[in-house]
Amino acid sequence: MSRPDSVWRMIAVLGSAALISGVLLGYFHDLTATPIAQASARRLSESLREMMPSFSNDPLTDAVGACVDGDSLRIYPCMDDGSLVGAAVESISHNGFGGDIRVLVCFTPDGAVAGFRVIEHSETPGLGAKMEDWFSGEPRRSAIVGSGGGGNLKVSADGGSVDAITGATITSRAFVEAVNRACSVFNRYRNEQAEYYS
Amino acid sequence: MNKIINFCIFAALSYSEMKRRTFSPGGIHPPQLKSTAGSRIIAVDAPVSIVLPLGQHIGRGAIPVVGKGDRVEAGQPVAVAGPDGVSAAVHTPFSGRVSAIGQKRDSRGLPVESVSIDVEPGQSVADVDRTLADVGPVGLGDVVKAASDAGIVGLGGAAFPTAFKIGGCNGLAIDTVVINGAECEPVLTCDDAMMRVHPDEIVAGTRLIKSAVGATRVIIGVELNKPEAIFRLQEASAAHGDVSVVGLQTKYPQGGERQLVQAVTGRYIAQGCLPMTVGVVVQNVSTARALYRAMAFGEPLVNRIVTVAGEAIGRPGNYLVPIGMSVAELLGQAGADLDRIDKLVAGGPMMGRVIEYIDGPVTKSMSAVLALSGNDAFRRRVEPCVRCGRCVDVCPNVLEPYLIATYGRLGRVDDAAEAGALMCMECGSCSYVCPSSRPITDMIRVAKYLIRKSRK
Amino acid sequence: MSKLNIILNGLINENPTFVLLLGMCPTLGTTASAMTGMSMGLATMCVLICSNCAVSSIKSIVPAKVRIPVYIVVIATFVTILQLVLKAYMPALDAALGIFIPLIVVNCILLGRAEAFASRNNVVDSILDGLGIGLGFSMALTMLGGLRELLGAGTVFGMMVYPDSFAPLVFVLAPGAFIVLGMMIALLNRIRKRC
Amino acid sequence: MLTYISIVVTAIFVNNIVFAQFLGICPFIGVSRNMSSAVGMGLAVTFVMALSTSVTWILQTCILHPFGLDYMQTIAFILVIAALVQMLEIVLRKIHPVLYASLGVYLPLITTNCAVLGVALITVQHSMPFLQSLVHAVATALGFMMALVLFAGIRRQLDLVDVPGPMRGVPIALICAGLLAMAFMGFAGMKF
Amino acid sequence: MKTLVISQSPHIQSPRTTSDAMRHVVVALLPALAVGVWRFGVSAAAVVAVAALSCLASEWLIARFVMGRRVAFFGWAPLVTGLLLGMNLPSGIPLWAVVIGSLFAIGVGKMAFGGLGCNIFNPALVGRVFLLLSFPALMTSWPVVGDGCLSWADAVTAPTPLMLVKQGVVPDNQMVIGELVGNVGGSLGEVGAIAILLGLVYLMMFRIVTWHIPVSIILSVGVVSWLSGGNPLFDIVSGGLMLGAVFMATDYVTSPMTRRGQLLYGVMIGVITVVIRRWGVYPEGVSFAILIMNGATPLINRYVRPRPRRCAEGRCV
């Protein structure tokens, strides 16, 4: 580099670098905005399709919010021919070991749990992180799925019927808490619906 | 009988009070091994020849004043103190003829400038008993001159020229003379013998030093494992209000001057300071006695008491030995079985130096010849330091011996200096207690050597 | 240096993880499994190739004094693009690597190669260097991830090798990252001293 | 108040940036050889983290987020941090040469330290209020300094013993870090 | 005349050796071990035996084949490590886990640093915490006392007193007495505080350890427990605190050198222990506390050094 570096040259180079970078990033942002938005929606609707009987509406657009204890949970109702075939509640517990645990819980119209998916968590690999596999395995699954909408599931350590993950009671409690909250939200939703229609 | 009863009462009364007197922190309790305690002082038979090294003291070697072939009289100086003062004259204990002047191996096996003398037959080694002469008030100059003329060096081990030490007190505010009768080293009993046999002369000597340096009191510190010595000294000093004798807890290194001064005066000498800076001068009991003999009778330092001990020694005991006699001859007269000796130590087992050349001469500072046999002569296998902290606990100079030793081993000179390597007095307490038998003191010596070398 | 040598250099002689000890944070933070380790390595490699290429092509017009800021802008741009692409098309991977994707920006492998190689060599060589170093990094991360996963979960790339009830969990947790990497470097030290 | 105590304890002990989050490992390994550089680096990081987290917080809440530019986070933050460090260096040299002499040498190293950028990103992700972000940043930096200082002590100790050849240096340091991380897991999941 | 041995002073050595100290520790551990075997039966003996053997074997194998040192199979230090590791485990733990734990304790906790005296962290605790983090389920199922069971499969498990406290039970005197005599669940060596105290008395009699570390730990646990509203007596006698304070925190290699340093170390262990017990997820924190303070020991050694007294005379110029 034999030419002397004048201040203007420096500013020009830096400025154009920033400009090019900004343009590039703007372009890529626009390019990926839709896929990014779709990415999360896709996961949700895929989960719903797996756990629910067939439905014809778009639960994501029909979603409603419901407040419990300061959290706003989303309810995704699934309709077929205008009648409710089930609904999913995206529930959360703040009492996980490593932070929040988000669970999608599906219900039959009469309030029984139809299925669940862990959406997000930051539990310890090998311990709490096993929760989805653990609770999907028998006999844990049958202790949760089909249970009534009372929302009072408990882990075995607290005298309940759901076996906790060995060594991760905290995660298990939080998971069950999230399911329970989903139950109570769904029950409220169901009652409101019943009132509305009656 | 009366004396014995008195002694018992004295011992009982003093013991509890005296046991508290010691230094802190640190110190160890090695086995006493003082099997020669209470023995008579035995004068050896005169040898046929002697070798007088000219550098038996700390400082510059003495300058010979005789020539090869000269005839010398017993007590005549063969060499005088070198010019800078840190030096001491050397006298011949016997009449005889100078057979050689030149390099001779000393007991360490190192060649040193020496005067060799063929001793005329028919002489004997004797400590002439003399009646206590009253030496009037003396000045500093008189004592320095007497010590210098008599070639007196510190007999407590370091062999520092006494004239120079006392002369150095000139103009300093010295209020206390501390006399070191601790004899804290295991095995050694030569000072004990001196205190038991010549308490009056020791007390007289201490008072000379006192008046020379202008002090107001003399404190003689003796470990409680020498009750008879304490008793004798107490008797001898009863008439002198300015001299007190205190018993000290038996703990090594009670005789280190820093430790002794703390124990008897309560004054703590900070690191890097000398006793003088707290107004104290320290002298060994035998040094005090030698000083008295020099002042009162003009006697030079030509003999010393040497403890000869060890399993392989047939007649262990305290021997009055002329300076210059060979160690081999001394061992022979003490009935040593040379074949059973694996290691010879000049001095006590804690600080003594090994004797590598058995035909080397006894010197002024050689307080003992200790013969070790079998397992005693060998160190245990060195194991890894387990950081037990015992060395730290026992170091009287409040150092971290394991750390300095490690720095020494790794050659980390600056770290070693920063950790205070130069404060180490090489008392050996740390090596003694180390359960892993680590040669801590050796490695500290390496560190000190490296530091001194790097500063040159 | 032949083209092949440039690549091999990055893989072995100047392996960023085992030899240069660069980029320690992603090395430790994303290797709980072979899959995440490899993904992180490849993601870094993509950015490295792009940034080396870009730096090498603009090297003659950038004044020395603003060199570093410009390189940072270049690298950050590619990292952000990567981030957006991952979010859009591989959201699960994006979630697994988390904060370590944006942190590629401060991975000194990138700045280091931009400085030490790309700003002094032609575009093709720079791309090859990016490929070599990137592959070296990916290889190291995959090995580390594979080993940790094997020890700590009994699987490799998710395939069971032995039942996970026998697997010491520590190896997939934070301490395992440090310990396995330390042991691997020690092992390599030992092998290299022997040769 | 409890929130702040909780943030501080969590950032220093529970989620220690080095032992639990794997950020700032390079300076952790590189600058923990002796105590004075450990403390110097620690202080410099504390300073820069506090400053950069404040600035990036403002940048995020006042500019990036309102204008929908969240995707520019990474590039904006790293440029802000780089510029800040540069400015800090210049200012420090002018107004406090003594402090500059002790901290200045560590400043350039900090630009490319992922801990600083990492903390800025994490605080924004957790959408903490400003003061909490600041406390979080300072506590994180203190956790970093604690790790550095503990390590400076450990490495000094390791210099005194015969660590086997292949383990010497970085490997044994990593293993010590691993064992310390194990010890600090005792604080895991701590809640107040 | 033989050739004379040449060495520097001192020429005598104290008869106490490092392996003597380790041997005394083994003896001092016996009462607590006996209580463990008595309460938990043969499986407890098997766990300790396997831990001791595999520690000895790991040390020998690594020294011999990895480091190329010629060493004897038996050593008192690895035996102490093995015994302590074994005594820190639940009696029902499968033996393969004990072997893995021993290998990690010796391999990573000790030999990686260069062997005896070189390690920073207490090897037995490294092994224990490794197992605790690796196999949380195995490490937290505590067989019921007095079972004397021969097989592992059908052992009845129950929570330890500290786990009960974590679940909200308020400790009473009955639990304190249970801890004292070993009538509770827990690691097989930690039940029976009295037996452990017996060991402490023995160790202090032979001057293997001083009071500083155990007493400062126990006192600070009491004080912090009281301040934080716990039951001080219960906190002191429960869990592995006694075992840790007497046998593990006192390990020479990993504890501070000076008395003042040891007091600081002990107090910090006590504080951290109670903090973890109160607010952490683990019912017991003493292992973590000791390991953390092991890590801080080099710092303590550096800054809490023996202090030479300053001269009070002030006469020097």
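Going by the order they are written in, the chains are A, B, C, D and E; count residues from 1 in each one.
Everything that follows uses one rule, which is that a residue touches a chain if its C-beta (ideal position, glycine included) is under 8 Å from a C-beta of that chain, and two chains touch if they have at least 3 such contacts.
Just so it is clear, the model here is predicted, and its values are computed rather than measured.
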According to the touch definition, list the chains common to the neighbour sets of chain A and chain D. C, E
Maximum number of contact pairs occurs between chains B-E
Chain centres computed over CA atoms; the one at greatest distance from chain C is chain B
Of the chains present, which has its C-alpha mean closest to the combined C-alpha mean? E
How far is the middle of chain B from the middle of chain D, if each middle is the mean of its Cα atoms, in Å? 61
Just how far, in Å, is the C-alpha centre of chain C from the one of chain B? 71
I'd like to verify one number: the distance from the centre of chain A to the centre of chain B, where each centre is the average of its C-alpha atoms, in whole angstrom. 88
Report the inter-chain centroid distance for chain D and chain E in whole angstrom, where each centroid is the mean of the CA atoms. 33
Which residue numbers or ranges of chain E touch two or more of the other chains? 108, 112, 117-118, 130, 133, 136, 281
Per-residue overlap in chain D, given as positions that touch at least 2 other chains: 71-72, 75, 167, 172, 175, 178-179, 182, 185, 188-189
Where chain A touches two or more other chains, by residue: 21, 25, 29, 97, 127, 170
Within the complex, which stretch of chain E touches chain D? 67, 108-109, 111-114, 117-118, 120-121, 126, 129-130, 133, 272, 276, 279-282, 285, 287-289, 291-292, 294-299, 301-302
In the complex, chain E residues that touch chain C: 96, 100, 104, 108, 112, 130-131, 133-136
Show which residues of chain E lie in contact with chain A when the two form their complex. 136-137, 140, 281
With touch defined as at the start, can you tell me which chain C residues reach chain A in the complex? 32-33, 60-66, 69-70, 73-74, 76-77, 80-81, 84-85, 87-89, 91, 95, 152-153, 164, 167, 169, 172-173
In their complex, what parts of chain D are in touch with chain E? 35, 149-150, 152-154, 156-158, 161-164, 167, 172, 175-176, 178-180, 182-192
